[in-house]
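Two complexes follow with chain A in common, the first pairing it with chain B and the second with chain C.
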Partner chain A sequence: MRTGIVIGATVALLALVLILGAGDDGGPNAYVVIGIATGAIYGLVALGLVLVYKGSRVFNFAQGEFGTVAAFTVFVLMEQVRSVDIPYWAALPAGLLVAVALGLAMERVVVRPLMNSPRITLLVATIAFALLTVGVEIVLFLPEAKVLEPLIAATDASGNPNGVEIFNYILEPQNIIIVGVLALLAVVLGYFFSKTDLGLAVLATSQDSFATRVVGIGVERTSRFIWGTAAFLGGLAGILYVPISGSLTPGAMTSGILIPAFTAAVLGGMTSLPGAFLGGIVIGCVQSLANWAGNTYTLTIDDVVKPLQSIIPGLPDVAIIIVLLLVLLIRPQGLLGSEA
Partner chain B sequence: MTRSRRPLAVVLVGVFLLVAAACGQKPGVALPEGTKIVDGQVVDAETGEVLGTVEEVLGTGTTDLAGDLGTDTTGTGTTTGTSTGTGTSTGTGSDPGEPAPPANEPPPSSGGNTTGVTDKVIKIGIHAPLTGAAPVPSDSVEIGKDLYFRWMADQGQTLFGRNVEVVLKNDQYNPSTAVAVCKEMVEKDKVFMLSGAAGTDQIQACARYAASVGVPYVGAGVTELVLNQLPNYFATTATYNDQGPMLADFLVSDLGAKNEKNGMLTFDTPNFEDARQGFLDGMKKQGAAVVYDRRVSKGAGTSEARSVVQEMKTAGIENVFVLTSPVWWINVLKQADTQQYEPQWVGVGISMTFDTVASVACRGGSSIDGSKFFSPFPAWFDSNRFDPEFRQAMNKFHSNENGGDDFMWLSWSGSKTFWDMFKGVGQNLTREAFIYEVERMRALKNGIGPALSFAPDDHFGADTVHVSEARCSDNRWHTIESFISDF
Partner chain C sequence: MTASATEVMEAPGPTLEAERWSPSAGGWTARLLVLAAIFGGVIWVTAIVPNYWADRISLAAIFAIIGLSLNIVLGYVGQVSLGHHGFVGIAAFVAAYYATEKAGCSLDACSFGTFMTATVVAALSGAVVAMLLGLIALRIKGLYLALITLAYGFVAERSIFEIPFLTRGGAGMPATRPDGWGTDREFAFLCFFFLAAVIFVDWRLLRSKVGRAILAIKHSESVASTYGVNVTSYKVLAFILSGIFAGIAGSLLAFRAETVVSNDFNFAIALLWVLMVVVGGLGNRVGVIIGSAFFALFPFLIVLIGPLDHFIRDTLGREPDYFTIVIGSALAILTIIQYPGGIGEQVSPITRWLGGKRFSLHAEGHGGHKPKEAKAAKPATGGLLAKVGLHNEDGTERSDEALAALGRAVERPASHDPGPPPDVWGALVGGKKKGDER
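Right after this comes the complex of A and B.
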């Protein structure tokens, strides 16, 4: 019930912005589209973060690197294995497989030995794992920008856009796929955790592992499942996002996406999968609309008219922090968060 | 900040002429036309034929002249305002430069700090972003860092019996890391001087540290903020402050931007402020308007890239001066391609004109095609036009590298400048003598980068650029204009 109200209120708010901006070429409508498109990417990474937190109460700072590793795997298969022409659809599962293997390795080597340690120890361990992974990426691939082609090119052979134009903004096919995948995953995972035995077992493990073990649920097995699934989600995010950013570099997903994704997860509620989806969209829209407002609205200081963005450096970041603080002051558990 | 070089140059030339006249220079004392001094011998500049010793050719009492030439000289004793010491030095095609103007103060007395200098080696430290937001390929830098010095050694050339050894450290594109590695190179590796070629904030941070411990710093010209206060810092490329007005001139004169919609897209860092202001002032002077002036955070990502492209497309911006990190510009180009937005991109600096940027951006679309950026060095593609020895050295030492790349090419150019500076200082190399002599060097030309002319009150030695154009036909930058300051 509450979930429906929050999602409805958010959608209504965005609709209001769209209605107010209708018919204005320089208005906010295109920026709402940009916000949703970019927010979907944040949401996809946030899903993995929430899943791990929900299942093991760990803030996983290595989530971004599952994506970078998967993207590099696809890059290697498509660009560097010259003897065989491997298509994207074949390279993608391989990338996901490597990401899952990395997630399982992390679970076995880092998480499980520290499972009974304070959570802060585990948090630091995930940071260390992320840094180690970035280091290995640098050694293997050098810190040079590389190109990963999208699933569907943004333009056709004659240079015409393949995407869909909404409010004067051309949404590329790759981003449409991300929005679709995110929506699908939010629903599927929401169902999984509320309706299936395995999903309930995961939630039970996160709340009381001893009691869970007593009733016969394998804690190690659920832990493997959680980290493997989180790595799968991270890998999917990386493979889908990197082609949009234009370049692939070591640590790309950690440096570019992880922080807004964490913010999205906290905003949505660290325990809510639909919340991650919603948080990503809200963060994306706040960021984008702040960009628009910063360049549209002006202040006169000492008789000089200045746009807001030149008066408040980093306006989008400031806007995100303000929204996050407001939401957490009103609802400390986040928009859709609750105890698991 | 505005610096006035021309009046200073006129004054220095005037002072030099007065001093030369006061010295009673007689007819016949000047070198015969088409000759130069190498290893104490007067040689034909073109054929290399030895014509005799300085004394034989010019008569007695000419050691001061040899000293005045500053480089490619022998001579004993000290000559006011120029090089000191004894010994030999050699050249490989670099222009040794014009006679330096006399100084208002005496040269450093004997003694001084010789850390990093032995009879055989001059050890220098270089910091570069091998990782971080704008990384340069470590393999290329490793090859390029001492390629020129190896080539010179192979040719039997030395700096008064010495060669140069390079210590390279990763500053991670982070100012505090840059300071840490520079400190390490000074204190642990005991380098003679420091250098950096990429990363404004890192160059500024390391140069400040170097100043605090009296170590010379020779680096790329970036911002003038703070750096213009450092007695030990020497810029070997034109600064942003110099390039801003030149870019405005280029936009209006060559690209017809006077009556077009012009924009500016820069990272929001104080160190880009002089570039921004220089460009704005230049455009105003040219009678052209900048209707879009956008600053973005250094941590900008895809969201900002999408927003600025949408803003510029909606505003109909036709020419965009971009001063950001290469990785974020690639992101902007990607979004511009998606939105079918293809303005004329222009800019200044170094890192944008590496072929990697063109290669990656061209793969993602065609928005970068035709972009025109100032660069302190010619494109690697055109390296043979400027110094064929680079490819020869690559073929000799790294034949499997297909002629190298632009990082190696840039390193080659920088090394050549270091060589010429050390040569100009002379055998008695101390940190104090290096700073003293370099700030009196004039028209130092290595044939690749800009000619350098320093003065005690002006350590920003360069004022010309090359113009490079990105071409997606071969995913590379090409040099379209060279050694230019007026358009």
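Right after this comes the complex of A and C.
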């Protein structure tokens, strides 16, 4: 019920922006489209964060790195293995597999020994694991930018764009794939957690691991499952996002993505999978619209007309943090959060 | 807390130790000699090494200040700050801005007075930004506060460090080293001076009413407030103090680099700072200093081992710097899972001995190589901190446990049985793990 109202209100709000900006060249329309496209990635990473939070009650700082590792695996298989020509459809599952393996390793090495420690301890441990991964990436691949090809090339052989044009903004095929994957995952995972036995076992573990053990549910198994799935989602986000971000560097999915994704998860309620989806889209649009406002509106200082963006550098990122602060101070349970 | 209560609470600590055992005149001399050897050794090494090394040693001293700053938030208050690069970076820019734009330092001359004023201004700016975060920390705790600090660092990185008049349009704000302290070696000694000042303030403060109040708040906010501790102001005060230390460190970093650029202060370095405090040992001053210096000097330790350096640079084609993150974070994971006391706990036999306690395995003092044999036999008591803990203002049941432990210690015959001391620290603070409200 509430989910429907909140989603409906958000969609109506975005539609309002689109209608008001229609026909206005340089208006906010294209920015909303960009916002939805980038927001989908935040949502995808946020899904993983929410999943881990539901299962282990901790913020997983390594969530972004699952993606970077998967992207690096695909990169190595496609670009650096010269003897065999590995196609994308084979490299992608391999990348996901490596991400899942990393997630399981992290669960075994870091999470399980600290299962009963204070959550802050586990938080610092996930930070250490994320930095360890970034460090290994730096040692292996040097701190240089690399390029990963998208699933479907952005331009065809003759140089024409492959994507769909919406409001004068050409949406790359990769963007459409991301939005589709995110929507599908949110529905599938939502079903999983409300209807299946394993899903309910995961929820039970997160609420009281001792009681869960008493009724005969393998806590270790659900924990493994949670971290494996989260790593899968993170890996998917990395492989899908890195090609449109343009560069693959060590820590690529942590430096710019993790904080907006956390904001999206908190906005969605930290425990709600549809909330993470919605939060991602909203945060993407907030960021993009702040960018638009920063470029459009001007202030006159000392008789010089300056765009807002140059007076407040990094305005889109500041907008995200303002949302985070407001949510935490005013509505800590988020849009769709509940204790489950 | 009344005066009489203070006396009652304070009485057991020092007197108990004094009655049990106290080093002879020779023992004290040996301790003083070892202390002098340690401090003299550090200064001597700084004085004779090449300039390039002295530069790195000054970084180690600055990292130690940052470590102590984080230690207040992480070890004493029990909250995680992932945005310390914000504190340090803003202070660095403020110091450089003041020195170059306001006090008119040129690129080759800057008076010592200007440097000191710039450092004070930087410390104040650090205090202000930390106070804002402290006010937020009153309402949001635990994991969510960690997120807020992270977001705060993100804003600093993406917005504040990009303000054109601070960064000179991205080129960096110059900060000329003060006259007379211009070389790397001289500057390293200047950093030592500030580190000593910070250690002194941290030490005295933790043993004062303020320090006891802050530790009591970490232990339990509600109990502390019941005993009349003003939780709100002490918590904010702890953040302000952390900000002041971070501000000093920021100013030193600015003058060390001589040009402040925003790239120096990023998300990864803030996380590394948190890990170095964890590796050093939360709430353990000596451990934090050693841990921070280790993280700063790590690439140098590789260079010291010639064949390893050769292997990394020439065979692998990698910089030793790259391995700081790998080894540092691996150490942090190991510390969290296996040795929660960190380096501080490993060296605690030495620090306790230097503090005038009995050394269980090696009674005669010749510093250096003892901890290897000693650490297995030594329980994690932490004499200094235990004494501090004794002065806690709260009177919870854990305190009663601690008093009971003390009681047992008093009953035990003093002269023989140097066996494991009672776990006073554990009983008082409730384990070595970081506090969490959840």
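The rule is simple: the second predicted complex is superposed on the first by the 331 of 340 C-alpha atoms of A that agree within 3 Å, B and C clash if a C-alpha of one lies under 4 Å from a C-alpha of the other, contacts with A are read in each partner's own complex, and residues count from 1 in each chain.
We take it that a contact is a pair of C-beta atoms (placed from the backbone, for glycine too) under 8 Å apart; a residue touches a chain by one contact, two chains touch by 3 or more.
These numbers come from a predicted model, not from an experiment.
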Item to check | Combined model on chain A: chain C and chain B, fit or clash | outcome: clash
Checklist entry - Taking the superposition as given, does A:P87 touch the first partner, chain B, the second, chain C, both, or neither? => result neither
Checklist entry - Touching A:I41, do we find chain B (first), chain C (second), both, or neither? => result first
Checklist entry - Touching A:I138, do we find chain B (first), chain C (second), both, or neither? => result both
Checklist entry - Which partner does A:G216 contact after superposing on A: first (chain B), second (chain C), both, neither? => result neither
Next on the checklist: Just to be sure I read the superposition right, which of the two partners does A:D317 touch: chain B = first, chain C = second, or both, or neither?
Outcome noted: both
Next on the checklist: With both complexes superposed on chain A, which partner does A:Q309 reach: first (chain B), second (chain C), both or neither?
Outcome noted: first
Next on the checklist: So in the superposed three-chain picture, is A:V147 touching just chain B, just chain C, both, or none of them (first/second/both/neither)?
Outcome noted: first
Checklist entry - Who does A:V109 touch here: chain B (first), chain C (second), both, or neither? => result second
Next on the checklist: Output check: A:I257 vs chain B and chain C. Expected answer is one of first, second, both, neither. What do you get?
Outcome noted: first
Item to check | Segment of chain C that clashes with chain B, given the candidates 164-172, 218-226, 236-244 or 416-424 | outcome: 164-172
Checklist entry - Which chain A residues come up in both lists, the one for chain B and the one for chain C? => result 138, 142-143, 255, 310, 313-314, 317
Checklist outcome for this item: Within their complex, chain A touches chain B through residues 25-26, 30-31, 34-35, 37-38, 41, 138, 142-147, 154-155, 159, 161, 163, 168-170, 172, 241, 244-247, 249-250, 255-257, 260, 284, 287-288, 291-292, 295, 309-310, 313-314, 316-317
Next on the checklist: If we count contacts the way the header does, which residues on chain A are in touch with chain C in the complex?
Outcome noted: 57-59, 109-110, 113-114, 117-121, 123-125, 127-132, 134-136, 138-139, 142-143, 251, 254-255, 259, 262-263, 266, 310, 312-315, 317-318, 320-321, 324-325, 328-329, 332
Checklist entry - Taking the complex as given, what residues does chain B use to touch chain A? => result 130-133, 135-139, 268, 293-295, 297, 299, 301-304, 306-308, 310-311, 314-315, 326-327, 330-331, 333-335, 337-340, 356-357, 360-361, 363-366
Next on the checklist: Touching residues of chain C toward chain A in the complex: what are they?
Outcome noted: 78-80, 82, 136, 139-140, 142-144, 146-148, 150-152, 154-155, 158-159, 162-164, 266-268, 271-272, 274-275, 278, 318, 322-330, 332-333, 336-337, 433-436, 438
